[in-house]
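Both of the next two complexes hold subunit A, though its partner changes from subunit B to subunit C.
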Partner chain A sequence: MSVASADRTSEPNHAKRVLVVWAVASVIATPLVAIFVGPLFPPGNGTEQSREQGLSNTWMVSVLTPVACLLLVFFVYALTQFRHDGGAIIDGPPLRNENRIQVVWVAASAVIVLFFAGFGTYELLQNGSGGGQGPSPIAVPGGHKLQVQVIGQQWTFTYRYPSYGGLETPQLVVPADTLIELHVTSLDVIHSFWAYELGVKADANPGVDNIAFVKTKGPRSFHIHCAELCGLWHGYMFETGRVVPQAQFASWIAQQQQTFAPVAKYLPAYATTYSPDPQRRAG
Partner chain B sequence: MRPTWWKLAGVAAFVAAAGVLIGLYVSKLSTDAGSSAYTVPVQMSGGHPVVNLTLETVAAVGPKLSPGHPDFVSYLIRDSKGNWRRSTVWRLPANATIHVTIYNFDGASGLRNPLFARPQGVDGNTMVVDGKSLAVLNPDDASHTFAVAQYGLVVPIAPVPDDAKHPCDFAPCALSSDHRTIQFTFHTGAKGHYRWQCLVPCAAGWIYGFGGPMQTIGYMDGFLDVA
Partner chain C sequence: MSAAAVTVRPPLWRRLVGFNLLTACVLGVGGWYVGWFAAHGVAGKSIAYFSSIDYNEVSIILAYICGVLGFLIGLGFFNYPLARLRGYPPSLRAKENEGVGRYFGLCTDHKVVGIQYLVGIGFFLFIGGLNAMLIRTELLRPNHQVFPAGTYLTIVGLHGTMMMGMMTSGILGPFGNYFVPILIGARRMAFPRIEALTFWLLMAGGVILETAIFFGGFPTGWTGYAPLNVQSYPGMDCYIIFFALVGISMTLLGLNMIATIVTMRAPGLTWTRLPIFVWGVLTTSALMVLAAPVLIATLGMALLDRAAQTTFFIPSGGGSSYLYQNLFWVFGHPEVYVLALPGFAIVLEILPVFARKPLWGYRLAVAGLLGVSLLSFFVWQHHLFVSGINGDVRPFYMLSTELISIPTGFTFICGMMTLWRGRIRYSVPMLFCLAWFFNFLVGGLSGVFLSDVPSDVTTHGSFFSMAHFHYTIMGGPVFTFFAAIYYWVPKMTGVQLNERLGKIHFWTMFIAFNSTFFPLFIAGFLGQPRRVVTYPLNLQFINDWVSASAFVLGASMLLFLYNFVRSLVFDRVPAPVNPWHSKSIEWQLPSPIPVHNFDRIPVFSGDPYGYGETTGPVAVPAGAPAGSD
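Entry: the complex of A and B
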């Protein structure tokens, strides 16, 4: 027996050790992450869409937990077991190709990626997951919808309610337990309407009707930000919207119609996009 | 080994110093952005702070007040000595009543969104233009607006007619030139840093009328430092 063969036989089975520790760590960590960390993931549970996004985040992290465990276990194992203890530094054994590891690695990666591709596609096709789908959405949830138009302009958002005579207001208020059909557009540069707790994010492009759907739950407030760098006051382009009970929404609409009655005659007829260049604009 | 530790300490110190300088620069940008703040005099009425804020809007700020950009459209503020200053960062008291008078010497540009032709966020949701109370202005006639998004405040500014006999070419403009007078009242709330802007695309010659002075603190945008 050669010296090299003797060294090899005296080595413990490192792969078996790593796999056992990894399996135990994964079995313990994965449910813990899914049960205790998952509910903490953004954007919360304010709407059906935000709940689904949180669920997607939980799934992703749950699947990735065993991968992270494998990396950490191997990292710690390598640091402790393959540590150089002093003495002369000599070459280690040569690295050889190991087909089984490569096959498992590629196959596992492919399964994970394809799983998420399928999962994400399924989620998107349910109702668009709160994202802008352009003017011809392919994921349209069924049922009655309240249309609300979001109009971006430097540097604020305004909102139109076509089912209430094209009323336009500077605040976004929507009724609880209602499916909202958002039509997002811009009067000038590219903005992005991001209602974080609602799980909605849709680009606001001039001349484009970008449609997104969101199903509200109970009353709450939510933050609105512009998510597209749009000029000097982009960082200040934020406000607070509200989901209110349906009766309160009706009274709010009536109050807004009264407040903005003087300007109603000057508003353009409701349209999905606008060409708003003022006739006398200087620029 | 020692030289290595000295090198590491030097790099760490340099990075820390650079971080502090960048932080200070960004802080300065996000507060005053280069425009010196003006503390508006406060009067007390029945124990309640009251401020008279007098502004003027001009088509061109002129070489005296802005040698680098004499052709910029601009807001100006009148100080306690009656002089017009090019400052758009104003210190105001919290929970105060602010009476605003704006003398406008500029013509019409027109609003991109007609909604802002309706005064909002001011007492009675009305403004007084040349002594007459108005609940709305024709959006095509808007010369500028004074808007504070965080207060929900928007007031459109009525224009000087195109055929004005005595227009003012450069600021500071005297009240003997043709002008419109716009008055309204609003109330400050809690302490804070509130940005204001013009919503009319009035920056002639700039892309979409919204470049240059519309995106430079000190002309058509600024802050209310409410303290």
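Entry: the complex of A and C
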């Protein structure tokens, strides 16, 4: 076996080259990504929560850009500089370890990881980030809240407004500039209430009151999907909701109460969870 | 085979009678009907708690259990225990059958089991891939068109379940069984009959899963969440029995590997000289042994919920749907590392050979494997960030999930520093290993978004997470699966695989893979949920692009199949004994490797990565290596 290649005295300083290219690439790419790609991240600026999720995404992609740059620069450099096409099999230098590199690598990855965990926790505790937090939420934004219950069943969502006599409607309409407290539950299997532009996702579990908060901004419409496989027509379990001005919301409620007045007496009393007769489920 | 041996060969029909695959299939189908009628006699009509559908769950479950037992009887798995009961001494067969027939029955030669695994798993991988093609066909248009909604969900479920179940043994099955005993200088696995059992259980399971289509399919995807699984058609029972068989197979495979590696290493093979692939197998086996029993128990409970009116997972009966989610992911998250870890190990095993340098940071690499396997038991609730379960421990799971990227990074730095200043040769196995770095980088970085709760609220359950796990468990394990095939099949068969076709296969697969799954990150960010038969009109371009790429990806698999069949059946160019100039012990043996591997047990003098150092091969098997007996 040939070991002649081990002493290449005229070897350029590969490490320095990679680090310089990486530094230049990162310095150029990171601001570009943060400024131009960041704002493209979903789910837009429709609510406090969705703005915050977008911010999280922007931060993460900005921190990860130098990481990706390092690996890409390294691989492009290594795979082009160290390729060996000749017929003879020549061994490289037997480098088995270098503690300094290990320590730097482990320390750097630990710092990034701890930053993400800390940042994510901070963001989460601000206002719950629009995610379902279960029956006893830890991140509760202060202020007046409008309660809206989301009931998942195969294969539709219905909505109840406990502050308006437990009115139940098949459409979700919420007032603008209001803190909404969503209580998500299910009558049969697991669904997931996903209001994309609102930045809300909360699983609807039978027998569970899953609470999520969202602070709406201006009027808009938003898409609602079921995000947990719930059986045959899961793919069709989508609809459009609306954020409307406060005054319009009041008139909408009044109109809905009138529309559903004939069936209101058949509704069960408002509760955080419902327990329907298992023999009478859909499907 | 001498002429004399040919003259005493019995006629074909006589050779087909006996304990083999044919008998097993006959007894399997027979056993199915025995169970079916027996349970109908006992249980009468449907006793399913929830379902108004007139099916008798008990008879279907019992039919499958009896079918599996009949299949195992037909293969001869009960011969040895019965012989022991009748007082025969414990022994392995003195000499394995040499003919092709040994591939179609119970064989205790670990090399035969390895090849059985390769073909069997490859077959079901292909079936699972076909399902993916059907999914992408359906998603060519935003409205549903090709399949009814229920059929579509069944196809999605069959694809996911087949891949997640069958591919758990995708690398440990073929290459673990074949090469672990050789790499540690042993002649066999610790429990050769159990080794064969793990394979045949998996094959029985694969067929059972596919029969779900005769029983209405199942609408739950691979996760099988309760209570949806309780109200589903009897196809759900096929899912449950398949996954339970996979769980049993995984547990046994893991135990067997651990026992083999711990107790059967040759002299001189200390823990720090163990090839990194063997470390990968060891850590994966530990995950299998600890995680798979949870799955078996969970599915047992689901089975009782369906058939015996228990309500473990049914809230209106006092159970909890969270319980199923929790138990499933306690198994499920280690399971994805069962898929991924052998890939890490294969990359680190193959890189030194083609970079012509020792594996850099051996101890760090081992620490990475151990760290990932340990942490993988503490992250499962990141699948449940928005489920409302334990809302207050989400910061912990966010931290533990992000911590797991540190030991994963060990694999990266060890691989990268192994390449550093090497003399890199781009053979096909090396290309697949290098692709692993790119794919796993994309998969890992996208995983950071999913591990962060605020970001996960958007991406959870969308095509973003689907793209993420395809990057990690297809871009990782499946690419390394092919790396291992191109690397080791010349040793397993003694025949070369066509290098040029291999390179065409690699580039088609790599480009098509990225072209398929990268746009799905965007589709997910734009709000397309997973497992839906319809999607918004504005996403049609992305979906059509993805479908077209997926078909090319499928075609690249056909290209591989063409290369494999052509090289092994038609061209049959004999492979050199050591085509890659590796210093590892398997390449010092003749190809194909003789039945008992070593005439004398080798003595190891170092690890197999001494490239550029003056040491020779890692160990020279003592005695003459020639001849098969």
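Please note the rule applied: the second predicted complex is superposed on the first by the 267 of 283 C-alpha atoms of A that agree within 3 Å, B and C clash if a C-alpha of one lies under 4 Å from a C-alpha of the other, contacts with A are read in each partner's own complex, and residues count from 1 in each chain.
Everything below uses one rule, namely that a residue touches a chain if its C-beta (ideal position, glycine included) is under 8 Å from a C-beta of that chain, and two chains touch if they have at least 3 such contacts.
What you are looking at is a predicted structure, and each value in this text was computed from that prediction instead of being measured.
K.L.:
Kindly say whether there is room for both subunit B and subunit C on subunit A in the superposition, answering fit or clash.
P.N.:
Overlaying the two structures gives a clash between subunit B and subunit C.
K.L.:
Taking the superposition as given, does A:170 touch the first partner, subunit B, the second, subunit C, both, or neither?
P.N.:
So A:170 only meets subunit B here.
K.L.:
Looking at A:151 after the superposition, I want to know if it touches subunit B, subunit C, both of them or none. Which is it: first, second, both, neither?
P.N.:
First partner only.
K.L.:
Where does A:236 make contact in the superposed view: on subunit B (first), on subunit C (second), on both, or on neither?
P.N.:
both
K.L.:
Taking the superposition as given, does A:249 touch the first partner, subunit B, the second, subunit C, both, or neither?
P.N.:
In the superposition, A:249 touches no partner, neither subunit B nor subunit C.
K.L.:
Answer with first, second, both or neither: which of subunit B and subunit C does A:161 touch in the superposed model?
P.N.:
Once the two structures are laid over each other on A, A:161 reaches no partner at all.
K.L.:
Is A:267 contacted by the first partner subunit B, the second partner subunit C, both or neither?
P.N.:
first
K.L.:
Which chain, subunit B or subunit C, ends up touching more residues of subunit A in the combined arrangement?
P.N.:
C
K.L.:
After superposition on the shared chain, which partner residues are touched by A:188: those of subunit B (first), subunit C (second), both, or neither?
P.N.:
After superposing on A, A:188 lies in contact with both subunit B and subunit C.
K.L.:
Give one of first, second, both or neither to describe whether A:129 is in contact with subunit B, with subunit C, with both, or with none.
P.N.:
In the superposed model, A:129 contacts subunit C only, not subunit B.
K.L.:
In the superposed view, which residues of subunit A touch subunit B and also subunit C?
P.N.:
188-189, 231-233, 235-236, 276-279, 281, 283
K.L.:
For subunit A, which residues are in contact with subunit B within the complex?
P.N.:
On the subunit A side, the touching residues are 151, 153-156, 158, 168-171, 187-189, 231-233, 235-237, 239, 259-260, 262-263, 266-268, 276-283.
K.L.:
Looking at the complex, which residues from subunit B come into contact with subunit A?
P.N.:
Spelled out, the residues of subunit B in touch with subunit A are 30, 108-115, 117-118, 120, 125, 135-136, 138-140, 147, 149, 152, 154, 195, 197, 199-211, 214-217, 221.
K.L.:
Using the touch definition from the top, list the residues of subunit A that touch subunit C in their complex.
P.N.:
1, 3, 5-6, 11, 14, 41-43, 49-50, 52-53, 56-57, 60, 64, 67-68, 71, 74-75, 78-79, 82-85, 89-98, 101-102, 105-106, 109-110, 113-114, 116-117, 119-121, 123-125, 129-138, 184, 188-190, 192, 194, 196, 199-203, 205-212, 223, 225-236, 238, 275-279, 281, 283
K.L.:
Please output the residues of subunit C touching subunit A within their complex, sorted ascending.
P.N.:
Touching subunit A: residues 49-50, 52, 144, 149-150, 152-153, 219-221, 223, 225, 227-228, 231-232, 314-317, 320-322, 325, 355-364, 384-392, 394-395, 398-399, 402-403, 405-406, 409-410, 412-413, 416-417, 419-426, 434, 437-438, 441, 445, 448-449, 451-458, 460-462, 525-527, 529-534, 536, 581, 610-614, 616 of subunit C.
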